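Have a look at these structures, which come just after this line.
Shared between the two complexes below is subunit A, which has subunit B as its partner in the first and subunit C in the second.
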Partner chain A sequence: MDKRTLSQARPFLVLGLVLLAWLLLPTAVRTLLRVSFSEFHAPAVVTASHLRDLQAFWGTRLHSKRDLIEAGRDLARLNAHYELGIQELETIRLERDRLEALLDLPSVPGYRYEIARVARRDFTSWWQQVLIRKGSRHGLEEGMGVIFSGGVVGVVREVHTYTAVVDLLSSPRVRMAVFVEGDDRPVSFRGGANPALGPAFGRADFVPADISASPDRPRLVVTSGLGGIFPAGLAVGLIEQLEPGPDGLFRTGRVALDPRLNRLAEVAVLVPLEDGSGPAP
Partner chain B sequence: MIARQLHRGFKTKLKVVAAIFGALLLVITAGLGYRQILHQEAFSERETLQSQRRILLPGPRGNILDREGRILVDNRPRFAAVIHLSDANLRRQFRQEYLTRFREAREAGERISPRQLEIAARAAVVQQHLDTINALLQADLAIDPAALDRHFRIQPLLPFNLINDLNPEAFARLLENLPVDSPVQITSSHARNYPHGPAAAHSLGYVVSSLDLPLEDLPGGALTTFATQGSFGRSGLERGFDDILRGTTGLEIWVVDPAGFNVERIEYRPPVQGQNLATTLDLDLQLAGEAAFADRRGGLAAIDITNGEVLAIVSKPAYDLNELSPSISRETFTRIEEEGAWLNRVTQGLYPPGSTYKLITAIAALRAGLLDPEIKINCPGYHQVAGRRFPCHNRRGHGDLDLAEAIRVSCNVYFYKVGLETGVARIAEESRRFGLHEPTGIEIPFEARGMIIPDDAWKRQRVGMPWFPGDTANLSIGQGYLRTTPLHMALFTAGLARDQTGLNPTIIRRSPSRIEPAAATPIGLSPLQRESLLAGMEEAVQQGTARFTRLPGIRVGAKTGTAQVRTPEGTLELAWTIAIAPMDQPRIAVAVVVEGEDPDVSNAGGMVAAPVVRQVLQAWFQKHPWTSPEVAAAPPR
Partner chain C sequence: MRDPRGIIVALIGLGLLFFTAEANHFLALLGLTVFFGGLPLAFAALFFRLRQGVLCAAVLGLAMGAGLPGSPLPVLALFLFSHAVIFALRPRLHAHEATSRTIAVLLANAICFLGLSLLYPPPLWALGSWLGRLGLEFFLSQLMLMGMTPWLFSLTDRTLNLFGIIVEEELRELS
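== the complex of A and B ==
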């Protein structure tokens, strides 16, 4: 082998050696290196996210006073609407507590919400995930549910000190028990093999054969509340089509997910309360 | 020179050696060619057999429906948590656990056989996964190492069940909390479901699990095959129509590694559900009959007079079919057996029909020209036969009666006299004309074959004694050796309403064009004779023994009966009622027998069986718009 050829092959040789060294490293060391990389890498991602927020802030400041006044009015109306909702919820909660005490029932698991900004969105054929700017410092743990105003976002997969990785509903790694709205039999939902671009979808399995859906009359899929991660009734997606399974007992279907999942800016992590008290959504 | 000579010698030898090696190589090459080319197919087949495995997947059974398409039997999903033993991660965990245990045993100086170590290591790893489930479900389940090892040896390709029959909460919790790539997964299978529990249990039947699946033209017959459990009908329609109800078996063919674990699925045929079976049963009538019986023992058959379709079959005591699905526990089996509930009393229960049989005695006499329905016969309260006094149920006597009156009050003496005049041969022959001596041919398996229509020849053969006039007196009122089933009596009643014998019963709903015409023949009574019989039945409802079958606004005809049977506990009474309604346009025939359970308690047909008939008729008339509004509004009694 002449000198020139050797020189050309050197980068590949080095890459091979590095890969070999990485493979030969003990698992503990590899894990440590990976975590360290995430922790060192996180500030850069978080800073970039903050800069984007700042950019958005200055962008908003360019709006005219008239726009701001109108937005303020809309916001006031929305606040009033929410206030009313909160009061109604409070009444229902008190009634629920009274009935629980009366019937000696265990408390419905409660959650507190940890609001987190989305620092980065990764949508590829390999994974569908977002990085949020909250981590173990804020009480986040793996397996916690994440929601937004449109329903379920996904499940926390990795937790670092200041950041956490959330697997989106569109990821095949997310699976949950859901109800088809109006029915109380649990159905399996799992994220689909989503491409990098295009509308996100999931798959519903074990759908009872007597449930029907069509693009004209889609059926809403909501969380069952049975799995212990999410409370009941949060929107997951819409079943637009169901195909009969071979056994005649179940159908399988495609679940169209909320397109807003692709442009999430802020989410809420459901942190279970230890004593089961507190506001339940 | 010398060297050249030597070399020449070597050259010859070398040639010989080369020739030998060449020949040997030729043999080897020929052998290889022979095996590779000529036996290529056989070796290829052997390779396939070694590297491929087949899994059979049973098809779900079809549903059983009532005459209006309502579900009587369907399938319910069963969710189970299973662990896939072929999972690569799991097998790695097995190896690591084995090595750890091996090192520990070596360090401790223990001598444990590798086989025992392997079993213990696998059980420990599977238990770890089960502990995850235990934590999620707050359960305390443990692995049976022997069962796991057995499964591992016999069917490693099939998942090992950790928990069967998960409830919805457990299903949801595991689904949501187990990692998607975990070797533990949730799978579904199917079991028979009976939405109405014990209703029509004996007619519908039950299924039992089996690994013996139907294999219609499935490929890979020579491959090592594993099968998940299917089911086949064990009794009732499930058995009689098993070939229609059972699904088509699906299959998977897997390429496996040398250890026998699956690598790649190369063929898949999904199982297909069996066909549905539409019955003639009417769920409303069936439930009404079940409710009317309550806790009593006996049987009920209701038949559509127009075509012989069975509308309801109630046999009590019954059993909740859901208790038998997916499998029957020993306790359940024993309990049902002790209760005597396995017997289908409608098609298998053999009873003396009591006074309901008097109609056949009358028909035999009328057809023989030995009875004028308008001639009155005196009942003094008993009849002396060969020195023995045969009593009437009215000890003071009914006085002078014609046929209709005798039927109305169910006078024994009238029929003793008519029967003795007619003779056993004619009565027995009439019974046979109505088919009381042979199975009806209904599609429910295991119909009784031991019906008894006694006559002189039968008694000599079976009892070893001649036939006495007293036997004829007993037979005339449906007592003595006579034995038949409630279904036979229901068919006789329907035949009487149709003025025909030979009605074929069916419990399978067929299109009218596919119904085979019955080989029916007219009974052979004059209009006046038939009218007398039916008038007697109608009067029995209006003011006679069958008044508890009366429905306001509806013309019902009925005949009651109370038969006695000797048992070790004493003489028990069987309460009978047969009925036709409406009399002006007969549509439904019902036969009911209720078994007495206490020798000291009266169990008269008119008091016990007639109200049961009434409730079934009421349910039927409530469903038909041309019925009287009074019936529809009347509360069940």
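== the complex of A and C ==
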């Protein structure tokens, strides 16, 4: 082998050596390296997120007093509506507790909502994740469910001290058992892709053959409550069409996810309550 | 450290990755992202000795891989591979010419792009829409890189000058 060929092969040799060294490194060192890099860039991401919030704050200050008064009036109406909803929920919760005690049923898992700002939306062709400004210091753990006003956002994948990474619902890594609204047979949901200039989508598998859906009459897919990550009944997406599955026994369909997922600014992490009591108001 | 050039370029690269991620935060509204990881890699591969270039590629690869699903090893390997390809092609590329630099950057970025697509494939049933988005993002990223290459190379060159490192002169000596 001549000198020139050897010189050109050197970088590939070094590449092999570096990879071999990485594989031979103890797991603790590899984990430490990974955590160090994650924690190293977290302050920069969080600072940028705070700066965006500050920018939004100053932008809002430019609104006229009239706009603010109108917004305050609208909010007061919404608050009154929600107050009534909370009272209604409290009545239902008491009734549920009474029935559980009467029938000796296991209690429904309760959750605490940890509200978190989205520090970064990272929706590439390769992965779809968001970085939120809450971490292990706030009681977050891997595998917890994340929701927003439109339904399910995804699942916490990684937790750092002050930040956490959430796999979005459209990520192929996210799988869960769901129900088609109005039916209590479990269906499998899997994230799909997040196409350009359009809403993200996933896929529902093992849909019973007697369930139908069409673009005119889409069917809502909701969480099943199985697995305990999400409570039952949270919106996942809409099935607009169902096709026969490969086995002929079940059907499969594309689930259109909420377009607001691409604009997430604030989410709530579902932190399970240890005593199994109902969700905090 | 006696020779800080690898770390300087890695830090500039980290800055570039940070601002790209900020841009992607807003581009997420359109369901689009851009990727410029090949830019600092190509600079290090074109102008530095192997050790410094590998150091720079390793720092960038680990920094990017640390925030992604799974082990950071595949991304580290991809960045090192991309660096190795440009380094091996260096004798054939005229690093002092703007066109050659741009070609090197585009090639390094394309390798990273293709590699990431192989590392994080979509489910087969979503392949169509995934390929559509991937193609658009690749085109956008490469197009923007053509404009960014002279600027980032100049910025890196000036920053290295502040530390008394004149890469072009050293390159002439090396060749």
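Definition applied: the second predicted complex is superposed on the first by the 246 of 281 C-alpha atoms of A that agree within 3 Å, B and C clash if a C-alpha of one lies under 4 Å from a C-alpha of the other, contacts with A are read in each partner's own complex, and residues count from 1 in each chain.
The definition used in the following text is that contacts are C-beta pairs under 8 Å (C-beta built on N, C-alpha and C of every residue); 3 or more make two chains touch, one makes a residue touch a chain.
Note that the structure is a prediction, hence the values are computed from the model and not measured.
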| item | value |
| --- | --- |
| Touched partner set for A:190, first subunit B, second subunit C, both or neither | both |
| Which of subunit B and subunit C A:124 touches, first, second, both or neither | second |
| Subunit B or subunit C, by number of subunit A residues touched | C |
| Which of subunit B and subunit C A:173 touches, first, second, both or neither | both |
| Subunit B versus subunit C as contact partner of A:34, first or second or both or neither | second |
| Which superposed partner A:82 touches (first subunit B, second subunit C, both, neither) | neither |
| First, second, both or neither for A:228, with subunit B first and subunit C second | first |
| On subunit A, the residue positions that both subunit B and subunit C contact, one per complex | 172-173, 190 |
| Complex contact set, residues of subunit A against subunit C | 4, 8-12, 14-15, 18-19, 22-23, 30, 33-38, 40-41, 44-45, 48, 120-127, 129, 131, 157, 165, 167, 172-173, 190, 192-198, 200-201, 203, 262-263 |
| Residue numbers on subunit C that touch subunit A, as the complex places them | 14, 18, 21-22, 24-25, 28-33, 35, 50, 53-54, 58, 62-63, 65-69, 71-73, 76-77, 80-81, 83-85, 87-88, 91, 116-117, 119-120, 122-123, 125-126, 129-130, 132-134, 136-137 |
| Residues on subunit B engaged by subunit A in the complex (per definition of touch) | 59-60, 75-77, 79, 168-169, 171-173, 175-177, 180-181, 186, 188, 190, 250, 270-273 |
| Subunit A - residues contacting subunit B, complex | 143, 172-177, 184-186, 188, 190, 206, 208, 224, 226-229, 246-250 |
